[in-house]
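I'd like to ask some things about the structure below.
Chain lettering (A, B, C, D, E and F) follows the sequence in which the chains are written, and residue indices restart at 1 in each chain.
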C-alpha cells in the first residue's frame, strides 16, 4: 500500500472537530473533569480486538491533539497494513484529561474506517488474480464520504466517483426521463465538461445502444454471469466495464473472472461492521 | 410507538443540508442537469426491499424539499412502524431534477436509520417480557448521533446519555486515575451539577463499593449471568442497573431475565447493516 | 477553589474569536493601525478597579493571543481568587497593535465574568454555614452560557442544568398541558433517558403529589419560609430540594437556614453588574 | 420613537438561531417533548413584571417562529414604547411545544434588551432639556452588540461607533505610542478613509492640542464640571464634544447642562439589570 | 442557449448572502435606514448600459428577495440572451428600503457575470465555424468559481475542470517531479479513480510521449500554428486536444482552424471587464 | 508606501482557506497526489510576467502555509513596491505536494490584487501634483472587498467607505424617496451616529442645497470640468469634495486639476485586468 495517500488535514480536520463538539456538548466531559486530577498524565494503548486492515489512524488520533496539542501520538501501525487481533495500533500519551475526553471520538472514527478497510480487503482477496478491481459507490455515510472513500482505498479497493459532479452516471431513471439511452448519452457528452459518461445497462441490447451512443464506461446491473461474459466480449476493452447488483462474496470470484474491469459494492461503505477497539490507559503521574 | 418524538427541524436540517452539499460538490448533479429536461416532472416510489422498522422518513425526505420546495412528499409509513418487504414508504412527486439529485442523500440517510431501527427492534423482541430495556451507547457515527439515537427509539430502544456532558459514567480508566471507585464517585457527586453518576463495575466487590459511595446507577461490564443475578439482588432496585459487554443475540434473553433494568449494545449504532431501498420513478410530464 | 475547572479551549475559543470579529468589523482597528507604529511594543497592566472575585482570566486574555500569537500573557491572579481594588490581574506584553486591538474584547468578557463571580460570591457568603448551595439558572446571556455558568462556579456557586436537554424541569406551564403533576412526572420518567426529573411546585399539596409521582428533585417556587420548612421536613432528604422565586439578599440567610439543598437565583447571570477594569499600557520599544 | 429602525432579519436572525441551539443542545427540550402532547395548542401572554421601555420585541419573538413557523405572534406593544408593570407585550399562540421550547430564549433576549432600553430612558430623562444626547460605548456583551446598540436607541439614546473600524477614537494608550496627540491626530487624518477622528483628552491643554491638530470630535475624560464648561467654551461648537468617565445619575443633570453634545455611559450596556418578564400559558386544545 | 442550466439555489445562495453581509456590515444600510421612510415602495429598472450577453440575472436578483421576501423581481431578459445597450434586464418592485440596500450587491454580481459572458461570446464568435470550443480555466475569482463557470457557459463557452479533484491535468511542474511524462501518466491512470488524464505538452515529442503513455487528453502549450496542425494530425481524433497559452483575439481564428477541439483562455474569468449597469428607481408610494 | 498596513490574519485567513476548499473540492488535488512522491521537496519561484505594483503577497502566500505549515515563503518584494517584468516576488520551498496544490489559489489571489494595485498606480500617476486623491468604490468583487480595498491602498489610492454601515452616501434614488436633498441630509444627520454625510449631486443647484442642509461631503456626478471648477470654488474647502462618473484616464489630469479632493473610480476594483504570474518549480529532493 505504498502509494496510499491520506486526505489533507484541511479537508478532514473539520470532520474530527465537529465530532468532538458533538460528543462534548455544551459543558464538556463531566466525568473526566470531575474525577481526574488536572495534572494527571497517562499513556493509553489503542488496540485492535480483532484482526483487520488499518485505515484512518492519523485521522482518528487527530482527535487527541485537536483537544490538547500537548498529547503525543506514537503510531505503531500504518494505514493499509494488516494487523492481528491484539495488536497495538498507537500509544497515546500526555495529560490524562484530553486523552480520556477524546477517546470515544477517536474510536468511533477508527472503528468505522478500519471496518470498511477490513471488509474491502476481504472482497479484494476474493477477486485476486482476476484483474478486476473492487470499487465503492456513493452509498456512504452522510458527512464521512471523504474518509470512507479513503478507507476503501486502504482496503485495496478503488473509488468510483466522489459525488454528483465529477462523473456522469446515467441510471434507469435518467434514461426514462431523457427519452432513452441514446438521447441521454448524447446530451451528456454535449453538456458535461469532459467528464466520463457511464451508463448503467440492464440488458445486452442496452449495452449495445450505450456503446453506439458513445458512452465512455458501462455498468452492468444485475446481469447473469453468462451475460457478463457476453458483455465483456462485445465491449472488447474499448470502454471501462463495471458490474453492480447482486454481488455476494460467494459469487464474486466468478463475477470477477468474467473479465470486467471493476465490481461496485455499496455495502463496503453502508454496512461494514466496525472493528472493535480497546483503549487501555496506564496512569503515568504526576 | 405513539409517543415517538422526531427531532426538531432546527436540529436535523443542517445534517441533511450538509449531506446534499457533500454529494452535489461544486458543480451539482452533472448527469441530471445534462440529460433531464428542466420541465420534466415525475413521481417516485420509495420502497423498502426488505422488511424492517421505519425510522427517519421525514428527515430523509427533507432532502427533496430542501433542494426544491416544490417537491411534494406523501408519506405512506410512519417512523416506528414495521413494514413488509416491498412496502412503499413514500411517494415523491414534482419537478424531476431535484427528485433525482436528492435521491442518494435521502436513501443514504433512510437506509442507515431504518437499519438501526430494525436491528434495535430485533433485540427488543429478544428481551420481550423481561422488563429490561435495550439501550444504545455513544458508539455512534460522527455527526449523526442525534438521528441514530432517534432511530434506536424508533426501534423500541432507549437512549443512554447523548454525550460527555449530560451524565457521569465512571469507567475503568477513570477509576484508576481518580484513585479508586469511592474517590471517583464522591468527586463526581460533588462536582457534576445534578447529573446521574453511573459506575461501570467489573466485579461484585466493585459493585458494593460503587453502591456505598453513592452511585446513582451501575453498569455491569462482562459479568457472568450468575453474577448478574447476584448484582440485581444486591442492588435491590435502589439504583438503575445496566449491563454491557459480550451481549450477543443468543445470550440476550438470559441476560434480560436477570432483572437488570437495561442492556447496552453499541453495535446497534456502529454496525447495523443498512436497509436496502429502491427508488422507482415514473415520468409524469411535462 | 482548587477544583475549579475552566472550559476547554475547543469550546470557548469560538466565542472569543466571534467577539473579536464583531469588534474589528470589516476593516479592523482603524485607530491603532493609523497611529501606532507597526514595530512598537508595549506592556499593559490589566487591573481590577474594585475588589471582586476573578473569573475568565485565561478565556478573556485569549483575545490577545488569538489576534497575534506573539503576545505574551502573564497572569497575576487565578480564577476563583478574591482580589482587592487595584490588584493587577495580568501583564500583557508584546507587539503593541494587537494588544490595543484586542483590549476591549478582553475587558468586555472579563468584566462580565468577574461581575458574575463577584455577585455569586456575595450570595454564597450570605448562606455560609447553612449547607445550602447557590445555583444559577438558564437565564444567561445568549451565546455566553458556557462562560457564565463557569463564572458562577468561580464564585462558589453551583450550576443547574445547562440547557433543555440535560435534565427535566416540569414547570407550571408543563403541568397544565400534561394534565397535572402526576401525569407529567410519569411521562417524564418514561420518556427521558435517565435524566433527573425535577418539578417546580407552588404549594405543599403539589409537593406531595410530585413526591408520590416519583420526582427526583423539587423546586419550591415562591414559598413562605414557614412552608419551606414544612417542605424540607416532608421531603426528608429523599430528593434534592431547591428554592426559587423572590430570593433577595436580605431573605437569603433565613431561606438557606430552612434546610433546602439549593437556592436558585437567575439574577446572578442576567443582572450582575460588570466589574470595572483598567488597562494601562507602557510603551516598551522598539 | 417613530423613527426607530429595527435591525434587518438577515443580521439578527443568526443571533436568535444560535441562542436556540445553545439552549436546545443536542437532544432538544426533554421536558416538553416528554410531557406535552404533540397536538396540544396554547396561547401564552408575555408580560412585563415591572414598568419599562420596550426593545427587541420582534427580535425576541422570532425565537418562536424560527422553531416552528406555525406559531403566531400578536404584538401588543412596540419597541420604544413605555409600558406599565403588568402590561401584556405579546400573545403567542399555536402548537404548544415550540412555544414552550423557545420561551427561555425569547425571554432572555427580551429581558436584556428591555433592561438596556429602560436604563437608557432613565438617563435620557435626567438630561432632558439640556440638548445633550446620551450615548453608549463599545462595552457591550460579546455577540450582542447589534441588538444592544438598538436597545439604546429604543431607550432614546444614541450610538457611538459600532466597532473599531467605523470611527477613529484616540485614547490615552494611543497617544503614548504615537508620540503625542498632534502626531496621532495627523496620522489618523492621513490614514483613515474619511472617518471622524475623535480624541479622548484629560486636560484643557490636551483639548487645545487636539483641536489644533484637527480632531473632528473630542471626548472629555474625567473632567470637573468647571473644566467641562471651559472646554465647551473653547470648542465653540466647532467639533462634537462628548463627556465620559465618572458619570453618575446624580451628576448627570449638571454635566449635561455644561453644553456638551453627548454623554457616553458604558454601564447602559454592560450593567443594566434585565427587565423581569412572565410567560403565562393557557392551553387551547386540542 | 436553450440548454443553459443555472446552478442550484442551495449552491449559490450562500454566495449572495455572504455578499450582502459583507456590504451591510454590523449596522446595516445607514443611508437608507435614515432617509427612506419605512413604508415607501418603489419600482427599479435594472438596465444594461452597454450591449452584452446576460448571465446571472436570477442569481443577482436573489439579493433583493433574500433581504426581504416581499420584493418582486420581474425578469425581462434571460441568461444567455444578447441585449442591446439600454435594455431593461429586470424590474424590481416592492418596499423601497431592501431594494436600495441590496442594489450594489446585485449589480456587483451581475456586472461581473455579464462581463464574463460578454467576453466569452466575443471569443466564441471568433471561432465560429471551426468546430473548436472555447473553454475557461481555474483562473477564477476566489469564492465565485461556480458562478463564473456558469457565466462562461452563458457566453457559449465550455468549462474545463471545476477544481483539482475532478480531472487530472499534468503540467510542467508535475512532469519534473514525477520523473517525466510517461511516469506521470502511468501513475495518474493507476491512482485517479476514472478521471480523465490530460497532459500539458510543450513540444511534439512530448505530445508523442503523452499519447504513448495513455493520456486521455492533451493540452498544447504555446505551440506555433504550424505545430498545432502537426499535433492535430498526430492525435487523429483519438483523444481530446486543447490549446492554451498566447491566445489572442487576433490569433484565435487561425488557432481554431487547426482542428483542435478546444481553446482554453484564462482571461475570460480573471480579466473580463464588468458590464456597466444602471438602476433607476421610481417611487411608488405609499 | 511605508505606512501601508496589511489586513489582520484573523480577517483574511478565512478568505484564503475558503479559496483552497473551493479548488480542492471533496477529494483534493488528484494530479499531485497521484504523480508527485510524498517525500519530494521543491523550491518554486513566483515571478511577475509583466511590470506592476505588488499587493497581497503575504496574503496570497498564506495559501501554501495553510495547506502545510512546513512550507517556507521567502518574500523578495513588498506590497506597495513596483517590480519589473520578470522580477521574482517570492521563493516557496518545502514539501512539493502542498506547494503544487496551493499554487493556483495563491496565483489567483495575487494576480487579481496586483492587477488592482497596478491599475490604481497608473491612475494615481495621472493625477500627480494636483492634490487630488484617487479613491475606490463599493464596486468590489463579492467576498473580496477587504483585500481589494487593501490593493487600492497598495496602489497609492484611498478607500471610500467600506460598506453601507460606515458612512452615509445620499444618491439620486435616496433623494427622491426622502423628498429632496434637504430632507435627506437632515434625516441623515439626525439618524446616523456620527457618520459623515455625503451627497451625490448632479448640478450646482443641488450642490448648494446639499451645502445648506449641512452635508459633510459632496460627490459631483457627471459634471463638466467647468462646473467642477465652479463647485470647488463654491465649496471653498469647507467639506470634502469628490468627483465620480465618466472619469477616463484621458480626462483625469484635467479633472484632478480642478481642485477636487478626490476622484472615485469603480473600475479600479471591478475591471482591472489581473497581472500575469508564473510559478517555476525546481525539484530539490528527497
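Odds and ends about this structure:
Note that a residue touches a chain if its C-beta (ideal position, glycine included) is under 8 Å from a C-beta of that chain, and two chains touch if they have at least 3 such contacts.
Model, not experiment: these values are computed from the prediction.
Between the interfaces B-C and A-D, more contacting C-beta pairs are found at B-C. The pair C-F is the one among B-C, C-F or D-F whose contacts match those of A-C for more than half of the residue pairs.
Using CA-based centroids throughout, the chain positioned farthest away from subunit A is D.
Each chain gets one centre point, the mean of its Cα atoms, and the points for subunit B and subunit F are 52 Å apart.
In whole angstrom, the spacing between the mean C-alpha positions of subunit A and subunit E is 34. Taking each chain's centre as the average of its CA atoms, subunit A and subunit B sit 22 Å apart.
Within subunit F, contacts with two or more other chains are made by residues 5, 22, 24-28, 33, 101, 145, 159, 162-163, 165-167, 187, 190-191, 195. Taken as a graph of touching chains, this assembly is fully connected, with contact between every pair of chains.
Across the complex, subunit E meets subunit C through its residues 22, 25-26. Against subunit E, in their complex, subunit D makes its touches with residues 5, 7-8, 10-11, 145-146, 149, 159, 162-163, 166.
Within the complex formed with subunit E, the subunit A residues making contact are 3, 5, 135, 158-162, 165-167, 187, 190-191, 193-196, 217, 240. By the touch criterion given at the top, residues 15-16, 18-19, 22-37, 40, 42, 44, 96, 100-101, 103-105, 107-109, 111-112, 115, 138-145, 162-171, 173-174, 176-178, 183-184, 187-188, 190-192, 195, 267, 270-271, 273-274, 279-281, 283 of subunit A touch subunit B in their complex.
Here subunit A touches subunit C in the complex through residues 17, 20-21, 24-28, 33, 38, 66-67, 101, going by the rule given at the top.
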